[in-house]
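These are the structures, in structure tokens.
Consider the two complexes below, in which chain A is the common component and chain B and chain C are the respective partners.
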Partner chain A sequence: MKKTPVISLLGFSLLGLWANLALAAGTQYNMRVDGLACPFCAYGIEKGFVKTEGVKSVDIDLKNGLVIVKTEDGITFTEKQLKRIINDTGFTMKSMTESPL
Partner chain B sequence: MSKNKTNHSFFKIIFISTTILFTSLLSACASPLPDGAKSYQMINSWGGNGDASGEFDEPTGIALSKDEIFVSDARNARIQVFDYNGNFKREFGNKGTKSEKLGRPMNLAIHKQALYVADYFNDQIKIYSLAGKHLRNIGSSGDKEGEFNAPAGVDVATNGDLIVADFYNQRIQQLKAEGNFIRQWGTTGKTGIWSGRFNYPTDVAIDDNNRLFVADGFNDRIQAFDSQGEYSDKWGGLFGLNTSGSKPGWFTTVSAIKIGPDSNIYVADFYNDRVQIFDREGNLLNIINVAPSELQHSAIAMAVANDGSLFIVNHGKHEIQHWRK
Partner chain C sequence: MKRSNSIKVIGSLLLSALSQPAFAHDPNFGIGPHVLFKNGIETALETNLNKNGAQKNNQTGLQLTYGITGDWSAGVKLPYASKVSPTNTKSGVADAQLFTKYRFWRQDSKGLQESAAVMLAADLNNGDKNVSNGANDIISGLTYGYESLVWYRWASVRYRYNGENNAGIKRGNKTLVDFVMGWRPVMPEYKKPDTVWLFELNNEVTEKNTINGKQTANSGGIESFIAPGIFWTYRNFAIKAGVQLPIYSNLNGTQNKSDYRIRTTFEWHL
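Entry: the complex of A and B
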């Protein structure tokens, strides 16, 4: 029996499964925004993201001045899109990091 | 005297004169406490961070009936009710249909046995009986007449008209009890520092003679309008023109306003972690400093009992505090 094709088939299957899982996962965006200590302001930013399709959750990290957004599986946003959502609430995004969930 | 020495003296005189003038202006716009102003002491507090009954997650508003305290428990999306000793009695606003449930409750008002809740997330004023039964909603999302974008505060006139601090729409709206638009103050969607304009208004208070007081949030001031709705006064900072600071009588983000049973004006001066008390002409009467938490500021709202004692919402410590002179 030739083992190589079986091993290759198994390997490719696992690779495909991993790829699917990676693509299906959501994304976390950590955005630095000033002024979050004011709840009227922070709530406005949250409200802007909660209304946005594809957003799973929004959290405010007061200690580090971050707005943390997690998206639904497979959903991503560009920096421009995120900046616009924050600008629409009257604030400015200072910086951003992105990582898969 | 040489030309250089003359110039030097001239500029020295200008500099000193300007400094004296500026310092005088600043002093004139600060309001020292009147002689004999009694200090307040905290006599009770309750709460703590959590979602159990009696705990809070960022409380934002408060209103009093004759024997109960109603608190906006913002992130728990509910109203909690206590007796004046801080004993939990009931909660509501977090059950039922979408129409009945709160999103993010902010400042509160009580009028004729009903609680009016500024619901920031749902863009509505939600109205409940004091027992907690949902009665009706006023408004919807938008910037047209009768619509709201993040209402932050509400009060009710003696004839039942609603007055709403329409935060992101930069205006104050007056509506009939059923929600029909009557008038507005401010320019929709546009901030401004001049009289009658607002910069994220957070709360309103209207007295029995229809004199209106507005917590003009990021203009760091109070604006007053007479019984006809015409601008009459403003105070806070340098000439009430968006100058923040911590001097007595100045503000750094006003977050709530109430008229006490003594007819005085009580203002939550959030970033300065204090409540300031004024007479109706804006003369400072007293200051109550409220200790903040490590991460968050403290005094976001307050309500005044008939005996003159104050219930203050300490946002950063997630608690209600009872203060007395």
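Entry: the complex of A and C
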């Protein structure tokens, strides 16, 4: 067996492993949410996300209208899913960004 | 009208005034458009103390509310009431109330929510004889709310249709109109205690009672109140308190004016 294919094989394996690890990492969603005016009412958002499988933490910044959700490894949400959760708690999601943890 | 009937009617009216579903970030005596989050459960313990001349009425109610959707809630209130007069004291399980509220309009922007809702409640004729209204009553209402990080405004109108009891006594129907302002002195932070001061203007127009279809002279009229109050919350726990003081009274015939009404509510969202 030649040396080059072995190195290539090893390289691809490492790349695959890295890719798997990257995909498996959790995600942070920063959502701009309208209607946030009081902490007592915003509790519904925390409750809505905490009971959703794969959510690691929820934080809310009332002043800036931000909801920050971190997920467990390998868990992702679509924008539609996030909008529905926010709407079910009585608020409106305007936009979102996501980044790997 | 016999004296015993008069006392029954006055007592029932006072208890009717006490009965109102409490909802999260709503005013103490008026109503607001707040509902619960979907699948949310609200437990509340509400106490009322109402003094009207020599008559004192107390009511403590356990309330359970469920969030059917993000805009629609429903629940039940199970009150215990006592009526104290110079001659006697009566107490017992009062009429249960079923209620629902639907928020049909919501306009959200950054740090602000405007919304409007309709509510419907039914006081069932299932309480102990000595404290029960003796009839099924229906309450309907419409409310608008403006809620920002600093200022709150609410306006609402309710109509209470009182049923006729077995003795042919019908308490006068009632229209309630409320205007409320709220002010939060410190910018709220999530996971920190939050305080909102409330100032309410509550107006009640009551029709005359009837006995077997005939109006009674000493019943019905107009009363207006101011009601300072507070709404304090920490996480999913809230305490509301307010006192209603009469500022205008134009009651028909000979009736005791309201002296004060005190309401406190403890709420817990699950």
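Rule of thumb we're sticking to: the second predicted complex is superposed on the first by the 93 of 101 C-alpha atoms of A that agree within 3 Å, B and C clash if a C-alpha of one lies under 4 Å from a C-alpha of the other, contacts with A are read in each partner's own complex, and residues count from 1 in each chain.
Please note the rule applied: contacts are C-beta pairs under 8 Å (C-beta built on N, C-alpha and C of every residue); 3 or more make two chains touch, one makes a residue touch a chain.
This one's a predicted model, so the numbers in the text were calculated from it and none came from an experiment.
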**Item:** Comparing the two partners chain B and chain C, which touches a greater set of residues in chain A
**Value:** C
**Request:** Give one of first, second, both or neither to describe whether A:Val50 is in contact with chain B, with chain C, with both, or with none.
**Result:** first
**Item:** Touched partner set for A:Phe40, first chain B, second chain C, both or neither
**Value:** both
**Message:** Which partner chains sit in contact with A:Gly65 here, chain B, chain C, both or neither? Use first/second/both/neither.
**Reply:** second
**Asked** Should A:Asn87 be classified as contacting the first partner (chain B), the second (chain C), both, or neither?
**Response** second
**Message:** Taking the stated contact definition, name every residue in chain A that is touched by chain B in one complex and by chain C in the other, in rising order.
**Reply:** 37-40, 43-44, 47, 62-63, 89-90
**Asked** What residues of chain B sit close enough to touch chain A in their complex?
**Response** 58, 60, 74, 104, 106, 120-121, 150, 152, 167-168, 200, 202, 217, 253, 255, 270-271, 295-297, 300, 315
**Asked** Okay, in this complex, where on chain C does chain A touch?
**Response** 24-25, 34-40, 67, 69-71, 103, 106, 108-113, 147-149, 184, 187-192, 194, 196, 233, 235-236, 238, 269
**Prompt:** Taking the complex as given, what residues does chain A use to touch chain B?
**Reply:** 37-40, 43-44, 47, 50, 62-63, 89-90
**Request:** Flag every residue of chain A that touches chain C in the complex, lowest number first.
**Result:** 32, 34-45, 47-48, 51, 59-63, 65, 87-92
